[in-house]
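Naming follows writing order (A, B, C and D), and every chain is counted from residue 1.
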Amino acid sequence: MGTRKGTAVTRSVRKRTEGVPRLAVWKFASCDGCQLTLLDCEDELLSVAAEVEIAYFLEASSAPGPGPYDLSLVEGSITTPEDLERIQHVRRVSKHLVTIGACATAGGIQALRDFGDVREFAAVVYARPGYIATLDRSTPISANVPVDFELRGCPIDKRQLLEVISAFLAGRRPVVPAHSVCVECKARGNACVMVAHGTPCLGPVTQAGCGALCPAFDRGCYGCFGPMESPNARALNKQLRALGMSTPELVRVYRTFNATAEPFRQASESAENSREADDDA
Amino acid sequence: MTPAPYRIRSRRPDRADTVTLTLEPVDGACPSFVPGQFTMLYAPGVGEIPISISGWFRPGGYVQTIRAVGAVSRALCHKRRGDVIGLRGPYGTGWDLSAAAGLDVVVAAGGLGLAPLRPVVRELTAHPSLYGRASVIVGARTPATVIYPQDLARWHDGHGIDVQVTVDHPDQAWTGPVGLVTHLLDRIVFEPRRTFAFVCGPDAMIKATAVELVRRGVDPRRTAVLLERNMKCGIGRCGHCQLGPLFVCLDGPVVTYDVAAPLLAVREL
Amino acid sequence: MAAFVLDSLEPLIAELRSRGFAVVGPVARGGVIRMEEISSAADLPRGARDEQTPGRYRLSTHDGDLMFDYAASPDSAKRFTQPPRQTLIRMRRGDIEEVEDEAPRLALLGIRPCDLAALAVQDRVFLGGRHPDPAYRRRREALFLVTVNCAVPGGTCFCVSMGTGPKATKGFDLALTELADPHRFVVEAGSEKGVDVLGALSQAAACDDDLAAAEEVSRIAAEHMGRQVDTEGIQQWLPQAHDSPRWSDVASRCLSCTNCTMVCPTCFCTTMEDSTSLSDGTAERVERWDSCFTLDFSELNGSPVRGSGEGRYRQWLTHKFATWYDQFGMSGCVGCGRCITWCPVGIDVTEELANLR
Amino acid sequence: MTHKTIKVGSLSRVEGEGALTVHARDGRVTGMELRIYEPPRFFEALLRGRSHTEPPDITARICGICPVAYQMSACQAVEAACGIEVSGPLRDLRLLLYYGEWIESHTLHIYLLHAPDFLGYESGVAMAADHRDLVEHGLALKKAGNELVAAIGGRPIHPVNVKVGGFYRVPTRAELAPVAERLRHARDIARETVSWVAGFDFPDVDHDYTFLALRHPDEYAILSGSIATSTGEAFAVEEWPAHVTEAQVPYSTALHARLDGEIGYLVGPMARYSLNSAQLCESARQAAADAGLGADCRNPFRSIIVRAVEVLHACEKALRIIESYTEPETPAIPFEYRATTGHGASEAPRGTLYHRYRVDIDGSIAEADIVPPTAQNQARMETDLLQLVEPRLHLPTDELAALCERAIRNYDPCISCSAHFLDLHVDAQ
């Protein structure tokens, strides 16, 4: 390993290369995990960097290149008035805009404020909540600007991220199926944890993508990839109740990282109103 | 399941979103085909889709017309002369032209449905004596989406085939009929009991046209229709194209209406 | 056919391994019987028993020597004959290259008569038509099949109705019937390969008692089927039941989760996934398990043909039990009961069929 | 009269987003804005009413860079409330998971975020153009950490396998074997990394820090221990609220943590090293000595060496755990919740991370308090910046801006730990 003394001044070594697609990574309210996924592609990072110009990626680079960008990856939800404006800018400078992760796609865990009062939330955390410039709701990007593709997950899956990037660059449909986690669960060779262990699992109503991670670890899926294409939460809830889940547990299990994704919102609300429980009685 | 490499010998834009490619094998001979059959065209890295064969050229190659509606079809439409793509097939059943011998022939197309019917009309023009009266009726959304306008004109003017075109949404220049393709049945001459019909288009168009033909007395067994279903393999293995008991890729895409009618009647089959 | 008696499976396993087979047999893992590679009879789940009801599977352990005292596990032969994912082609700079995976030499030990029936269905699907699948053929021909006749059908089994069990009559290289007191196996060869392997083992001819005991095992098993299906005229009446209100009833319970199709030993539907590598532009085409319960499956011009849960469940059930006859001249269901056990909400095909009738 | 404004528009190569503005007049800094525009996400509020079993999964989402730290502090706080302690092989597995995160997170910072500063590149990726081998080594090291986390937790970011009381499923020896293989290689890279970064050109800085870190009797504390400080003060984690207070200061709306009333203490690698370096494993101690680190480290620019030493330590310790690993009997110890308050702290890569939960009689969380490392360091960072800028006001603006940004990066701030971050406004005059 070589040693080299450097200067403190940052210099830009990357020239703007003609014809190379330009990638930007943006952050809104989030934990950084989804954009970190790009840096976690240890085996692919340098080849990706050779194929695309990583023109804007603050987490990784101190030389933000100017727009427009061919592909913008957007992490995080919109929670402040400034972000409302910034996302408009991002849309304007991006040819394709892809949201990455549950925050950007469904509002994220911070959207739990939707079920409460954000001012109360602020008061819990801060002595002088008046200073907090925040919106009442945490909204997904698609509620604010048109989005070309939404990549699910809390966090997103690395293979799927690479797939989306290559698909957009190749001009094809990303292979990101919207079916249930169960498809991957069975392909992986897991035994169903609901059937074999009686463990409640959201897999049947959750979109695949993680590779059925939780069941592989003897745990029920907790829905971090959000609702699948045709969720039948009502039918699942009946079974989850039969496996011993109480109404508050059911409400909570849908209210985590994709709480305001419509099918999950409905699932939690119908569990809460105990309509299903009544139906079953 | 391995596509053979085919080179794009020529590329002709037909309409704003439609392109006709002629394809010849990079090496080896091009398998012969029956009109109505399709091939699986592979745009490398993008995907593979079923496309009907709409013609043949010598010494051996296919003419195929593709409308860009999604990722794969768009990628194929964007290919240029000299590019190599993958091709499997031809697959599926074809139009049974021998069954039409000696009969009046009605060719009914909805939109791009004319593509797989083109070789049928070519046969009619090549051997007019083998058939009775021949008519081609075409329905399209707008005048701009009518494909093969030159062919239509030539068939009409040069070969005495009765060609009629109707559109749903006319533009300023349009002087022809407006409305459903079934209305054109009133404008052509055929003897229903001695007629063979070839029908291709969206499910709804097929149903409406076939129903009308049968009502007028055409034998459902002499009404051939070309069905479209999602296909991933083209050889009866992926299961996607099932229509009740049929694998559309193997038992179709061309079937007679007596077979298709009960199946098309069932919702979500 | 001559029958013999084996006191232990150890020599058989050793013999198969010495012939270059990886022996795949049942093991108890994570509370479930799985089919995994084993190296000795000690890996087999001695004393394991299962309890299967719709949507529920539990394994427990008991005293005794029996190693096959349970019914079909979630793994059928499908995983080995039709892997969940396989790369079909790779394309580099205009060169299309077929990917030919080495077919592993596998001895499947302990697969059930219903699994053999399922293999016969797969053979028909993959090899019997106009476009036989060479990759399937390679994998299939590399298999050595040691079946075990069922002694205790699961609570969800209905192989008797489907004429596929509980005793294997064909399609195996060796067939075992496990007997207790003393613990031993009656073994029969069903193929030349089987005869050859058996010949290499020291075995004694089965006596009348052994044979009678084996018959008794199968007879009792047949009497204890958990479920049944009346298959009379099913090819005709089921497709005609397309307007039954029962479909929407089952759709209200069905999750469209695909579990039934994934565990089914004969469900063969797949989809294709195309990808390109970012670094060198290599294009790849992968075939993977798919299911008629997904929306993409029937997508046509931007929307699914079978958009409702009703339509999808009807497609599945009707295909399995009726249109399969039109397509392949046989039933698509072998009565293993897996789809009933492994449906997370316990939807039971036998019950649905009875109600539809 | 000179008047200038130095702006580092958007801080880059830090986790999360922030910006810094310094106003100066006549050679004096008249104002400074370290603006964190990470929007607040209200974790402590949304935890209220959730089940006591949920903090590990929920708080992981505070930070995608160090989710394991959140899971560990959360588990321990809830376990303390419920009166259980995870020990023996299950504790070893937790350590293993945590070492994985240290390796991954520190390596990310060293190679992709921090080293480019010393070598003069805008990013690790740009650095790879000239030093491909070097960056590939770094990525391999990082990958080893990620694979370790994934082997135990299921995935590197927001692992799914952690729960109060232990795990959902414990890995088999066979599952850990390939990880060990990679770790052995990683250990070599880690050793080289220490000597590589030791050769950088470091500005001569020596700050008079008050350090705070966990201390454990048997190990270089990471997962648990009691609190030690460089003032000699030591206390149990339960006493945290009595010693560490968070207050709003007049010029800022940020919550600044104070230690025994004093503002501006420091947590993180330098604090850990300075307080506990004697407990590093042999080879890490040796590497530190060879790298010229003394008994303590008070130059934030040299914190990169400390991180590298900690990576080496983590590789060594992880390997030892794997070598002697036997599968625990049960993946988790059973427990019943109790309606009490529990405290938990562990050493996130960026420093001490404290959680406190009050569990209600129905098993739900009645109150949650989370004190992330970057919040604790913020006041200290501001002081540093002031000291850094004032004597260098003569430098060209962009050079000074770059220096400020570097100074902030020294602390590897994780702004996503937004539990407490707020906009900070400073008026220039």
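Note that in this section a residue touches a chain if its C-beta (ideal position, glycine included) is under 8 Å from a C-beta of that chain, and two chains touch if they have at least 3 such contacts.
Bear in mind the structure is a predicted one, so any value in this text is a computation, not a measurement.
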item	value
Identity of the most central chain, Cα criterion	A
Chain whose Cα centroid lies at the greatest distance from that of chain D	B
Centroid distance [mean C-alpha coordinates] between chain B and chain A, Å	43
Whole-Å gap separating chain A and chain D, where each centre is the average of the chain's CA atoms	24
Centre distance in Å when chain A and chain C are each reduced to the mean of their C-alpha atoms	37
Mean-CA-position distance for chain D and chain B (Å)	65
Residue list for chain C, restricted to those that touch at least two other chains	274-276, 290
Multi-chain contact residues (two or more partners), chain A	170, 172, 218
Multi-partner residues of chain B (each touching 2 or more other chains)	45-47, 70
Those chain pairs that satisfy the touch definition	A-B, A-C, A-D, B-C
Residue ranges of chain A in contact with chain B within the complex	170-173
Residues of chain A touching chain D in the complex	1-14, 27-37, 39-40, 42-43, 45-46, 49, 54, 57-64, 79-80, 82-83, 108-110, 112-113, 116, 118, 120-122, 124-128, 131-134, 154-155, 157, 210, 213-214, 216-219, 222, 224, 249, 252, 256-257
In the complex with chain A, residue positions of chain D that touch it	10-17, 37-46, 48, 50-51, 54, 57-58, 61-65, 67, 108, 112-113, 116-126, 128-137, 139-140, 142-143, 146, 154-158, 160-161, 167-169, 192-193, 195-196, 199-201, 203, 248, 253, 255, 331, 398-399, 402-403, 405-406, 414, 416, 419-420, 422-423
Partner chain A, residues of chain B touching it in the complex	45-47, 70-72, 74-75
Footprint of chain A on chain C - complex, ascending	30-32, 34, 55-59, 74-75, 79, 84-85, 252-259, 262-263, 273-279, 288-291, 293-296, 309, 341-346
